[in-house]
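As written, the chains take the letters A, B, C and D, and residue 1 is the first residue of each chain.
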Amino acid sequence: MTIRRGATQFSETAPASLRARLATEYATARRASEALAQPLAVDDYGLQAMPEVSPAKWHLAHTTWFFETFLLKPYRTGYQVFNPQFEYLFNSYYNQVGAQFPRPRRGLLSRPTVEEVFQYRAHVDAALAALLADAPEPQWPEIAARVTLGCQHEEQHQELFLTDIKYNLSVNPLQPAYRADLPSSARDGGGASGWIEQPGGIQEIGHDGAGFAFDNEGPRHRVLLPDYALAARLVTNGEYLAFIEAGGYRNPEFWLADGWRVAQECGWQAPLYWQQVDGRWRLFTLAGLRPVNEQEPVCHVSFYEADAYARWAGARLPTETEWETLVRRAAVRGNLRESGYLHPCPARDGSAQWFGDVWEWTASSYAPYPGYRPPAGALGEYNGKFMVNQMVLRGGSCVTPAGHIRSSYRNFFYPADRWQFSGLRLAQDR
Amino acid sequence: MTIRRGATQFSETAPASLRARLATEYATARRASEALAQPLAVDDYGLQAMPEVSPAKWHLAHTTWFFETFLLKPYRTGYQVFNPQFEYLFNSYYNQVGAQFPRPRRGLLSRPTVEEVFQYRAHVDAALAALLADAPEPQWPEIAARVTLGCQHEEQHQELFLTDIKYNLSVNPLQPAYRADLPSSARDGGGASGWIEQPGGIQEIGHDGAGFAFDNEGPRHRVLLPDYALAARLVTNGEYLAFIEAGGYRNPEFWLADGWRVAQECGWQAPLYWQQVDGRWRLFTLAGLRPVNEQEPVCHVSFYEADAYARWAGARLPTETEWETLVRRAAVRGNLRESGYLHPCPARDGSAQWFGDVWEWTASSYAPYPGYRPPAGALGEYNGKFMVNQMVLRGGSCVTPAGHIRSSYRNFFYPADRWQFSGLRLAQDR
Amino acid sequence: MTIRRGATQFSETAPASLRARLATEYATARRASEALAQPLAVDDYGLQAMPEVSPAKWHLAHTTWFFETFLLKPYRTGYQVFNPQFEYLFNSYYNQVGAQFPRPRRGLLSRPTVEEVFQYRAHVDAALAALLADAPEPQWPEIAARVTLGCQHEEQHQELFLTDIKYNLSVNPLQPAYRADLPSSARDGGGASGWIEQPGGIQEIGHDGAGFAFDNEGPRHRVLLPDYALAARLVTNGEYLAFIEAGGYRNPEFWLADGWRVAQECGWQAPLYWQQVDGRWRLFTLAGLRPVNEQEPVCHVSFYEADAYARWAGARLPTETEWETLVRRAAVRGNLRESGYLHPCPARDGSAQWFGDVWEWTASSYAPYPGYRPPAGALGEYNGKFMVNQMVLRGGSCVTPAGHIRSSYRNFFYPADRWQFSGLRLAQDR
Amino acid sequence: MTIRRGATQFSETAPASLRARLATEYATARRASEALAQPLAVDDYGLQAMPEVSPAKWHLAHTTWFFETFLLKPYRTGYQVFNPQFEYLFNSYYNQVGAQFPRPRRGLLSRPTVEEVFQYRAHVDAALAALLADAPEPQWPEIAARVTLGCQHEEQHQELFLTDIKYNLSVNPLQPAYRADLPSSARDGGGASGWIEQPGGIQEIGHDGAGFAFDNEGPRHRVLLPDYALAARLVTNGEYLAFIEAGGYRNPEFWLADGWRVAQECGWQAPLYWQQVDGRWRLFTLAGLRPVNEQEPVCHVSFYEADAYARWAGARLPTETEWETLVRRAAVRGNLRESGYLHPCPARDGSAQWFGDVWEWTASSYAPYPGYRPPAGALGEYNGKFMVNQMVLRGGSCVTPAGHIRSSYRNFFYPADRWQFSGLRLAQDR
């Protein structure tokens, strides 16, 4: 993880204002996590309904572990760890830190209790505040960079917190809502259904160095693109229903071989969370069961389904370079977490839905950009070691914090994954 | 399930005193379950660390479901179910009642919350109290019989509650105690190590009709036994350690073929809950980790281990008829739940340890007694349909309620099961 | 394995005639195995369509290994093993001999080739003939006992050879016949459908010491039986079809819980090898596909299906002691391998079908008789270590050699096994 | 599958010479397959030691099925299929043709026998010869294109035939050689160990239209490359041994996360086929066990191992565009199948080992080139539907027919696959 808002900025002497600003950023990120936990019953915090998701409690503890491990232990003289066994329990995947409690068993940890996890958070918060206030100048740049990274990390887990709790609640036949009070995007719409054209040529993609970015967003580099067009909005539930009704899930013709196999083995008939009751489609949301709104972007489809839909529709998925080229000058605006829906919404007139609503599957497998090197040490495990077998998604979703997304942001999941807020946009050669 | 304390007794007109007595029995059973739950954090109630165990919350709800399903729905006019979906969620295995939520997924039900489950209990308790007070005479005998059965059922789940929470907590690297305040059986002892001789001949076994018994304890019938002897006490940890140290877990010679396969696949090296730290054996108990006390009966061994130990020791396991023949006139006395240890204790002088401490594996597979017929209806599924592939255990354990055990009681588990409080006593031909 | 035709007989000086007789027995057994292999193509010998079955080639090699391991290596001075690696490749389950090539992978051994296996057989046959001619007197009793056991062992594998090749060919969509020329049991019949009554009392069962028996058939011992009756013939396909048509495979009411689970997981709808084509039932036989003959005994059902059928029919399965008590004085006569059908036949008038046709599932789990001790050494692994989790079958089948079966013979398989020629006879309490 | 040697050429009237040339090509391809089968015993043809490999017999039948399905059925009037069930048995993955016998069970088909498969081949060969002689002019271009494709397909299966038989024989503890008479590449060498430099810029890759190519090799298109260098030869066993000895298989630091997980689960300690006996490394070859020659290219490593090695060595894997750019003007020359080693050889002086020896894992995931469209119909399933989750390999191996490989050829396997003749070459940024 190279932090690009970086070397220059943080290597100067840290004025008090800078320390204060970072302390505020830290507190903001931490409080946001806790606010997301508020609607839960204590009973809900430990749920882990499949190996890929984590319990709510684990997210709250792991993000705390991150600050303890990468800031307090190395930089805070005399820091007393809250519980030495937490190093093992809440390490996600950093082999250079040490062994990890097996991921599929995270739901079996009733202890520490929720209350103890919140005490853990408070313990670390207090020590981190002191560190930000007292850290000696020579260490400040590295500390500041790592605190910034820790806040970004916390935001990523906020998104996962929502994504995972949705899945964890969904398997309960009572289908409990995370928040029954969420607004409904009753708004009609659907938006322009045309194409945005882009002539080919050499383009430059990757993070340009202003503000924070993850290491995997760089190095910035030139790419050669053909002529192409991207759809002016996301694919909707209504459009996807047409695919279902045309036999999309019964006909291997449109599918990648691996996708067809998974679809058969898992019995896929529709996106995750869709259920047909008395001939009418409903879907499970963070607000509980709702009728399928045909204007909304389709969500919770795997890469395989997105790819099959695109082929059936006579199109294809965009590559990540095509996507970034068109989006890099667009304002970061859309149905992100702060809009409060926590669910995709129909496109408003004029909105291309570049940001928010659903993560857009691309045709690009997740690979290093030319010249990419992961940073040294355990933090080098943050992104680099996952660069195989996964596909890139772009644009953020309705559960992504608004300050967290940008045009160069590369999310990545396995092609069979469906529990993310993932949808698609069509592309075509020109 | 035939309830033998039965037809005669309950078919008389039910005097108020009888109704009151049953109401007291009911309340006693129900409060006992709740008392067992008291040491738990809310976080603990949902744990299910393997498919064979159930969450604490599930036990509390399922026993309530039993009364609702078999008493309130059929007999209580105008009864309003607490939640119609609970019929599905908390049905254990009664196909004639309906479909069941998959057992391995019980740990995924964060809702109903613990609080709601206690509300469910209160709702059913109130209705059942009213039923006991008001039930019309003609229905009384059947109602009384079913309430008695429900109380016995609740007691069985109290034992499972403790057995399961022990397992569920054990997988947590923090190794939390269920109750750190449990007394330690520091007492030395070990008891007589001789044999109790029994000449062969025709004996009668099975429940004799006085007091409650489960249907699988009858019909009472005659059996022909050879001359034999049973050990005067249970096998101890010290004796079992000698088996371990003699290579018992490395040498297939003493093992049944199926047992050896399981032992290899699961990597068994010692009883469940034993761990060797710095060359010293410790075991996980409901009070947390403790050193292995060599005088205590060995516990948490599978049938396969019990059988291999016996063969290594030049003996064998008793059959259930051999056991019952010797025990049927013994008083029900021993280290049962009420003694408060919740852990096996060394034999006191003169104690044969027939009851309590550990369930004793027998050489008998669980099969119907001659002439056995399960009762009609869903309650016929209580015991009969499990009469294959399991082995009989006798005598109760340190977590069995004292009023629940008797010499004709037949417990049954699969030969690979180790999470019950199961141990062994040796037998020999004479 | 204690060989009861035994000590006395073989401890005398072995006259040449005794040696000659044993040499003939040996040659007969060996040639019979080879005759069974004759209809196979070389391509067929290596098939292993599930872990429980063995390739034809493996049976031919393993029986040879048995003589090499237990006779030639210990008793034949200067014996040169055919190939030292065969000790590992063709050891079935004798831990005291050494490690074993994993059973589920036996089908992956294209070498030794079929031709080499026949050379191996010839090599061992020659050495064994020499041993029988030359063995010094003091060793003769043990050698004679082991050769006898080896011949019985060879006969057991002849039955498995046919049972396994049937399964192995059945999975091929071409459904090739093992021998298309087998006679069809066109004969009608069905036989008496009444009951054979037996009053209760003390009986004696187990092998009585005359002639060969396996160790698990003894010790002979007394048992106490209730009044009971056994059906006068086997359950037929026609009777079983009524069970199917009455929803026997859709209704858990008649099933043991473990059986119902297996039936659902495996999708059982009928006995193994049955298939419904255009509304008509056909079954796969060693002669290929044939219509279901309603008069034939039902075959290839598991214990679970046999038990469910019996319960549905208002009866139960016999215990093995009930069966042996009624059969022990019956002549060994019936549709055994030598009758040449290799398929069950309708009962002739007057035939109780005690022997042959199908192995009869009993209600008895496979356990040691009182006082049973396995012999010392590796041969003690022959039978004893399997005495758990399996059910006893009695009477032999249409693929059992006529000289191999007797009333005390105890076969044993897991309750879910269906590829044996297994059927059932009803029993009732009286 | 678009056949690029194509439209123009074949749309002309087919002169007799063209027909004759194609008939010769066909016969050559077919006889080559049969020659490869020659060293096998009949016993070997049915082996399938893991789901990913196919039996030798299946390859011989499937390639025949290809001609029958795509040539004879549509184009040969009055053609009688050899056996209608073969359409199902020998269809590999063409959903548009129909259902397929399950791939993991191909080893269970003892019928058709080897002899019958050769009869099937002769039957199809005769009909195809007639088709080539008689086909009406209007159909000729399509027929010629498909016969060419069928021959290329046959060549691909020739390589798989060798790759698969190596794996299938390797699991036998007897470790039989496919051909004990193969020459040993005793030759020392190793070749230049320097770098070949390539300045960045726009390049053109993909098949240029001359001669046959598979559809996935096009469209030819421009790419923008950075400055880079490729190693002047393949990585050797000696170099890879240094990685092993430096703890490469014990240290997750160098590994992709997915790769490390697979390596742990499968217990990888060295390349496939390596075994350490008495401290010395040996490897299984098509000629049986041989000592590891440190000069030979390392072979039978997965993408994960190749990638980890490269990272450990301070380098990376080449992208497929980097590879093709450097190789496209090189002559197709190297240790290919015709050299007769069937095993990688040390680099000769001056040889860059671009072609032959081992397939070179690239850093490129297998994806469609810009503008790629699979052909219509079942033949469109040939390549396109596999374009996810796999990595591209380049250059051919010691078991690739010399006429089959070219610089634009894209092979693809899953990153965990090791049974292909796969190795690596290093790359570096400049």
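In the analysis below, a residue touches a chain if its C-beta (ideal position, glycine included) is under 8 Å from a C-beta of that chain, and two chains touch if they have at least 3 such contacts.
Since we're looking at a predicted model, the values are computed, not measured.
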Fewest hops from chain A to chain C - one hop per pair of touching chains: 2
Centroid-based (C-alpha) most distant chain relative to chain A: C
Intercentroid distance (Cα basis), chain D paired with chain C, Å: 47
Chain centre separation (chain B, chain C; CA means) in Å: 38
Contacts with 2+ other chains: residues of chain A: none
Chain B residues touching chain C - in the complex, by the definition given at the top: 93, 95-96, 202, 221-224, 226, 252-253, 255-260, 303-304, 307, 363-365, 367, 370-371, 385-389, 391, 415, 429
Complex contact set, residues of chain D against chain C: 41-47, 49, 57, 85, 88-89, 101, 105, 107-114, 168-169, 171-174, 176
